[in-house]
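By letter and in written order, the chains are A, B, C, D and E; residue numbering begins at 1 in each of them.
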Amino acid sequence: MATQSGIYHQTYASDMQLRPTTMQRVRLVLVAALLVIIPFVVDSSTQRLVNTVVIAAIGAIGLNVLVGYTGQISLGQGAFLAIGAYSCGLLQAYLNVPWPIALLAAAFISALLGGLIGLPSLRLKGLYLAVATLAAQQIVDWVIINWDPIDGEINGRATDALRIPGNALFGNADLRLNNNDTLFYIVAAAILVVVAIATTNLFRTHIGRAFVAIRDQDIAAEVMGVNLHRYKVLAFMVSSFIVGIAGALLALQSTAISFERFSLSVSIEYLAMIIIGGLGTVSGSIYGATFIVVLPEVLRSIGRMLTGTDAASLSEFNRVLPFVQEGVFGVVIVATLIIEPEGIQRIWRNIKDYFRLWPFSY
Amino acid sequence: MTLSRFARPYEVNSPPRRRLVVDHISLSFGGVKALTDVSLQVEPGKIFAIIGPNGAGKTSMLNCICGLYRPQHGHIWYGDTDLVKTAPHRLAHLGIARSFQNIELFNHMTVLDNLMLGRHVHMKKNLLTALLYWGSGQAEEIRHREFVEHVIDLLQIQGIRKQQVGALAYGLQKRVELGRALAVNPGLLLLDEPMAGMNVEEKEDVARYVLDINEEWGITIILIEHDMGVVMDISDTVAVLDFGRCIAVGAPDQVRSDPAVIKAYLGEQE
Amino acid sequence: MPRERAAQRALLSLNNVEVIYNDVILVLKGLSLQVHEGEIVALLGSNGAGKSTTLKAISGLLKPENGAVTDGTIVFDNLLIQRRDAPQIVRDGIFQVMEGRRIFEHLSVEENLRAGAYTVREATQVRDRIDLVFSYFPRLFERRHQVAGFLSGGEQQMLAIGRALMANPRVILLDEPSLGLAPLLVREIFDIIKRINEEQGTTILLVEQNASIALSIAHFAYIMENGRIVLDGTPDDLRSNADVREFYLGLTEVGRRKSYRDVKHYRRRKRWLS
Amino acid sequence: MDPNEVLKFLRLTYTGFSDGALLALIALGLVLVFKSTDVINFAHGEFMLLGGFVGYQLLTITASWGIDPTLGTILSVAALVAAMVIVGTLVERLILRPLIGEQIISVIMVTIGLSSIIDAIVGLAWGTIPQPLPYSIVPAALSGRWQIEMEGARRPLNLPQEAMLTILVVVILVVLLMVFFKRSKYGIAMRATADDQQAAMSMGISIRVVFGLTWSLTAVLAGIAGLLIGELTNAVGGDIPVVGLRAFPVIILGGLDSVAGAIVGGFTIAMLETYASGYIDPSLKNVVPYIALLIILMIKPYGLFGQKRIERV
Amino acid sequence: MTARSVPATLPQQLRANAAQFGDAMALREKRFGIWLSITWTEYLTRVRNFALGLHRMGFQRGDRIAILGDNRPEWVIAEVAAQALGGASIGIYQDSVVSEVAYIIDLCQARFIVVEDQEQVDKLLDIWDDLETVESLIYFDPRGLRHYDADFLVAFPDVESDGAAMHAEQPAWFDEQVNLGKSDDTAIISTTSGTTSKPKLALISHGNLLSMADGLAAVDHFKPQHEFVSFLPLAWIGEQMMSMACGMRIGFALNFPEEPETVQHDLREIGPHIMFAPPRIWENMLSTVQVKIEDADRVKRTIFNWALTIGRRAADLKFANKSLTFWQRAGLAAARLLVFHNLLDQLGLRRIKWAYTAGAALGPDVFRFFHGLGVNLKQGYGQTETTGICVIHRDDDIKFQTVGTAMPGAEVTTDNRGEILVRGPMCFSGYFNNPEATTSALTEDGWVRTGDAGYFDEDGHLIVIDRAKDVMTLHDGTRFSPQFIENKLKFSQYVREAVVFGGDDFPYVTAIINIDFGNVGKWAENHKTAYTTYTDLSQKPNVYDLIRREVERTNADLPGAARIRKFLLLHKELDADDAELTRTRKVRRGYIASRYQELIDALYGDYDEARITSTITYQDGRTQTLDVAIRIEPMEPVPGGVAS
């Protein structure tokens, strides 16, 4: 076991603590320090990228609660994000609600609707459920496109996009999120930390255990007294609560949102995050989100460096880039899964194990 | 602290032990009859064995008791509760737990977590305390951990407490599954072939655990088992099923010499 | 006697085979055993001793479970087979009947048998083999068009053995044929196994928990613990060993069966003479 | 009855029918893979895309040789089949085989990754603009439009005869597949593998052969579907995968592992789509199948024809 | 009220500790997944209650209580409780077979027996009718005992609650009893290891134990906050000396492992500061490391081997009292950082300040290995009759070929025949009920005759040769120690145990060798030799070749007459259950010689094979015979040697 010599427990409280080893403590401190110094050292475009990563990480944790921990495959992540984003956006646009309240309200609305979307899970399993969530995705997409109140006007022209006013807090224009990347970062990063800790805690208790039990052996879980109906719906609610926050943050980050940001390909991207990162782990969600968000940007930068500045090569660059990004995205997914189907988190753990057992192998 | 070698956890928290009455149940799947008009009575505190050829309906019987199958006719009374009308997840609340023929553990959880899941019905704290893992939420986990440790001690699985269940050897998995059922703190325990695929030495271990559970914790046990040696030695009453019908019930010796049982199940050699 | 037996060349021999799962878990730790042509050899041992792993190491079925033979050799009829894959080994003439029957639930009985004959080329031969299987297991004939998932456990075991006969192998590896079966059926199935061995000349390596019945039909037996052989001998030799009697046959020193009620909370130390 | 309405009904029905055949064809490919490998292939639409463009390229080449369109079609289809066999085999060998035995979601994800890769390759090779086929692959004798004059209303029905081709192709393929699965050694091997891979291996069935065969077959089916779409819409373009997506409600509705389900599901979904968009609102075309699907799944969780997994505890 | 001078007995010391340390932990037992702790105050309370309970059952001053079981808090509570009442305890090895238990209880005439569990209860029930003195069996693990209805079976907690009730009535009685204790009172009766004969019972007083603790603490400065894991049998004098004497005197906590199988893991969790173990434990630890390193990947192996080379070199320089150069020191620091730190952590030795070995000779390779890792391993010498040890290495003066110098308070010398003699406060007062043996073991002026042969080197370090009786006179008249040859053989990783014969009646030297199943098995695998059982492996021709090379290597360092001329590989491992080893796992040469008379005859006759029918004994006394042919391997006639 991952203990260290000389660490022993005389009470269950200390045995059941999340007890980091010295190395883990060091790592936690480093991560915390990194989180704190980011806004001081990066330029604004990087900051925006970091913000996107943070949002994605929150969304991925949410999805992982459902897919990784509870074993309910969902292709409807885009829909859950959309519900969060549009709830938040509409509350601001129509009711002029201050953003913290809109954010929180959006999370609760997401949880409610998420529970509703989760109802089919009571009868469906595995791939059948996956396609049922795909149905949710399609239906929500359809609503966004066809329901008038959530279309907005931009520059006097009717569009499919909803304009987000980005309400100020306490009447202070500086406390708006969509034009203050640093403030946004502070809010989002704080939320990420809270979500990560709360999720970790959840899976140390009977509720989280029930989720995992449903994933591993639902019949046995039921016989042991887990109310499958309640816990499956609860898993959907907890998951969509977190995803709703991510969606709301997406709305708060921008001035307008439209349906492309919540399409099926977004759902797939999020699935890729948690699978590449590692199913059923919080840290894996974060690794995966970072990887999937940063990858296209890295490719763009590399492409820029390799391309000339004349118009012809720029236009060629612009033609080719999306395909290269997509192709690399695909190759990375395939390669990761072939090399280590349990994802980055597993690779990282293997590395740690290698050194933990040093100088032995078992 | 209740953690003494001599203390029994049930003294702290003892479930009611009731009589189980299977009252003329019949079960069929799309025309195929699995059970036909079976009636049984299981007295509290006894070991009740069900034997019979494969496909005789033994596992169906257990599945009916624990609510996974719904018999078309008849009732199953546990005390005053009709189990036929009870949702499967309510059974654990009533103090009924079971093990499965093909081990159905939560493979990606540790042994400890598997057993802690057995405590699920006794844990009441809500989502918020779970997310915070604070105060009463934590205290609840610790309290139940203590109970689980008694189960671990009883079944002697101390050494594997924090290992992932999926990686354990078959015999140990069987034991963990027994432990998970015990963690429910049941009054009635249903064991579906707990000794399948074991050699004499391992069967002896399981027999001993079953007896300990029955005698020291006072739990009523319904046991499906093929090994006649075990069944005859440890059970108080034996019921024999054949083609979904109960062809004999009685004390082990009585059943062993029953001609119908010899013909349908035991064969002439025994 | 072991000595005379050792002098002959074995049809199938494992020499210090080491098997590792998932690159870390050592399951077989240098296991050696021999199976001679026409024999029934029983491999006994507790759970987790590595019996099934041994069979899978021979039949090449370790790979899907992330296991690998990392050391030692497996020789079948002068052929090194530890690196060959499962389909090749079936073609070589070794067929494993896996633990838990593993019949194809959604296929009919006859389709199951045809699947077993995958390596047989001529259609007429397939027909003949099907008839042969039905002659051993008339019950399967009655149910040949039924979906196999609805067969009873005993019938499924018969089907599993029947599938093995379809390929006309020289060696059948049988993994726990008695698992979960009623005493009556166990007897029946072991009688058929014996008949197959005698009538078809098929060599059989048998893994079994029910030591007394396994020893009743075997010509030679090995006892495994913790991934290695701890004892071997003819059934008579083994039946006279005190440890075998106590731990595998459940007999007391005077030869009476022990009562399960009197089991102690501790174990006598085993003395496998090592 | 208003003749216009009757005409509309006939037109919608015909469209639904031919569309249904196409969906059924696509669904068949998905079911095939699922049946023998337990994988839902999210790259099926991309296989179609690739098939469509490869077909387009082959037709263009044959056209440039100036040979007779019938011969050109036969040559091109033959070459397309060969090409898709190669694609299927490669995909299985390089991408899916390493994941044999991994959990289902990983395997699904790998097909998603694969779809991105194919998308990128097609995009880089042919761009995103739809390309018209150089000539119709339907023999001149069969092409044309059904012209039915309705009494009282002088409106021609004016439906493309080519659509019948789809139906014909589907019927032939279904019959072939059913015989294959029931009778042939490889068909039984594929079903056995679907049931229990390890047990199938113990029979000497080579999982590699079975999987290679499966993926080649499905790739061929997808290629043919892609080319058919090109024919029906007069061009192959980047939106073919969207058609592939439409097959998901089909297979769930019919049951993931049922050939018959794929056929019935294909026609049902296509009819629903066309009627809903024709009678209610065109924008409903994409949602209606899903709503119907949800309703049906609530009643039959394993689809109309899907095998309920025999659950033993 | 009570005299607060230096406590003279263990119970007095316990009382002092309870007053001084109070709520600090005295005992910990891994149970129910955590280390359940008992504070000094609780310890005293439980001892008091148990003592009073015993008294109520009729325990008198001068009575003896026998204790049989794994190391648990109840074990030590029972011991100290008996001592508090002026009685003595006698520990019996928990793996003893029934006949051994009967022998010892019969010899010591205990009236009460404290046993752990069903296993031990069953042993005693088997022989109950023959045990005339015993009145009650007190058990502390009730598992499986629910149907046992003998009225002499008493549960440990019942005795305690009886005692608690008595304490409520007579609160001062216990203290009075403790005050009556004197330094000369017998505290424990310890069984001698019995390599040459049946075990004898040595009387060890409180004064013996406490002075031993004081002596050791004067050499090495133990502190109350140090941790100690008590996992070796408490029946062994070494464990008594550490756990009971030092633990009580210093006040450090004793940690009892959960199960015998979890010792390694529990040891690692605790990470003790002090450890005392016989050579076998250290040898096993080394071979575990070797096997695991063998299985590690190339990178790890290479780095490990590099680090070990550095460590060994540093150890050699330390033994030679030379200082390290800057680069050597840097290398050592790197090796520590890269390998040793983690390796010691894995072994549970990271916090070890002092580690001891005694009881038999430890091979220099093992010794160097641990010093190479930075474990301060020291040899000691002594025996039951000297309450554990009387000679020990000092931190700055370690020489692996010696056992160090006399402990403070001890006088050590050799007599004219080379026998080692010891005198001092740790020396026992005699054997129980055996005046003859006492007379021969104790000289008139208070010297203990150890029975071992030895001499002092130029630095005053004691070098032990062998049991004096075993020292053999070879045919050319030289005196030689078989143990010396055996140890040389055992340095080979392929040799688990060796028994050497020669001298006196025998014309030349021969050896019966036990192969190391694990290592030889591994070797066989690497050399494509298929084997099944131990017996099978031991008789493989190329295994004989392998061991032959090891014997040749040993012979090369031996004078001609001492060279091994013939050897054989025994078909079974020597086992304590067959009485071939003592319970402390030492070879009983004399017994082996008679048991395997046929083999010895064959070794000295003109045979190349010997058939032997041997009997093995099961724990419950049943036996089984087996019949094997064993090959005799003659070595080449040694040049210069005398032909037989």
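Heads up, the rule we're going with is that contacts are C-beta pairs under 8 Å (C-beta built on N, C-alpha and C of every residue); 3 or more make two chains touch, one makes a residue touch a chain.
Being a predicted model, the structure only gives us computed values, none of them experimental.
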item: Touch-network distance, chain D to chain E, counted in steps; value: 2
item: Reference chain A; chain at largest CA-centroid distance; value: E
item: Chain located farthest away, centre of chain D as origin (C-alpha); value: E
item: Between chain D and chain C, distance of the C-alpha-averaged centres to the nearest whole Å; value: 45
item: Rounded Å distance, chain A centre to chain D centre (Cα mean); value: 33
item: Averaged-CA centre spacing for the pair chain E and chain A, given as whole angstrom; value: 59
item: Distance between chain centroids, defined by C-alpha means - chain A, chain C (Å); value: 50
item: Multi-partner residues of chain D (each touching 2 or more other chains); value: 313
item: Residues within chain A bordering two or more other chains; value: 12, 15, 219-220, 361-362
item: Shared interface positions of chain C, touching two or more other chains; value: 264-265
item: For the chain A and chain B complex, residues of the former touching the latter; value: 1, 12-13, 15-16, 198-199, 201-202, 204-210, 212-213, 215-217, 219-228, 234, 238, 280
item: Chain D - residues contacting chain C, complex; value: 100-101, 185, 188-189, 191-192, 194-206, 307, 310
item: Partner chain B, residues of chain E touching it in the complex; value: 31-33, 36, 140-144, 146, 155, 157, 258-259, 261-262, 265
item: Residues of chain E touching chain A in the complex; value: 25, 28, 33-37, 268-271, 292-293, 295-297, 300-301, 303-304, 307, 339, 342-346, 348-351
item: Interface residues, chain E side, partner chain C - complex; value: 95, 117-119, 122, 143-144, 517, 521-522, 524-525, 528-535, 571-573, 575, 577, 616, 618-620, 622, 624, 626
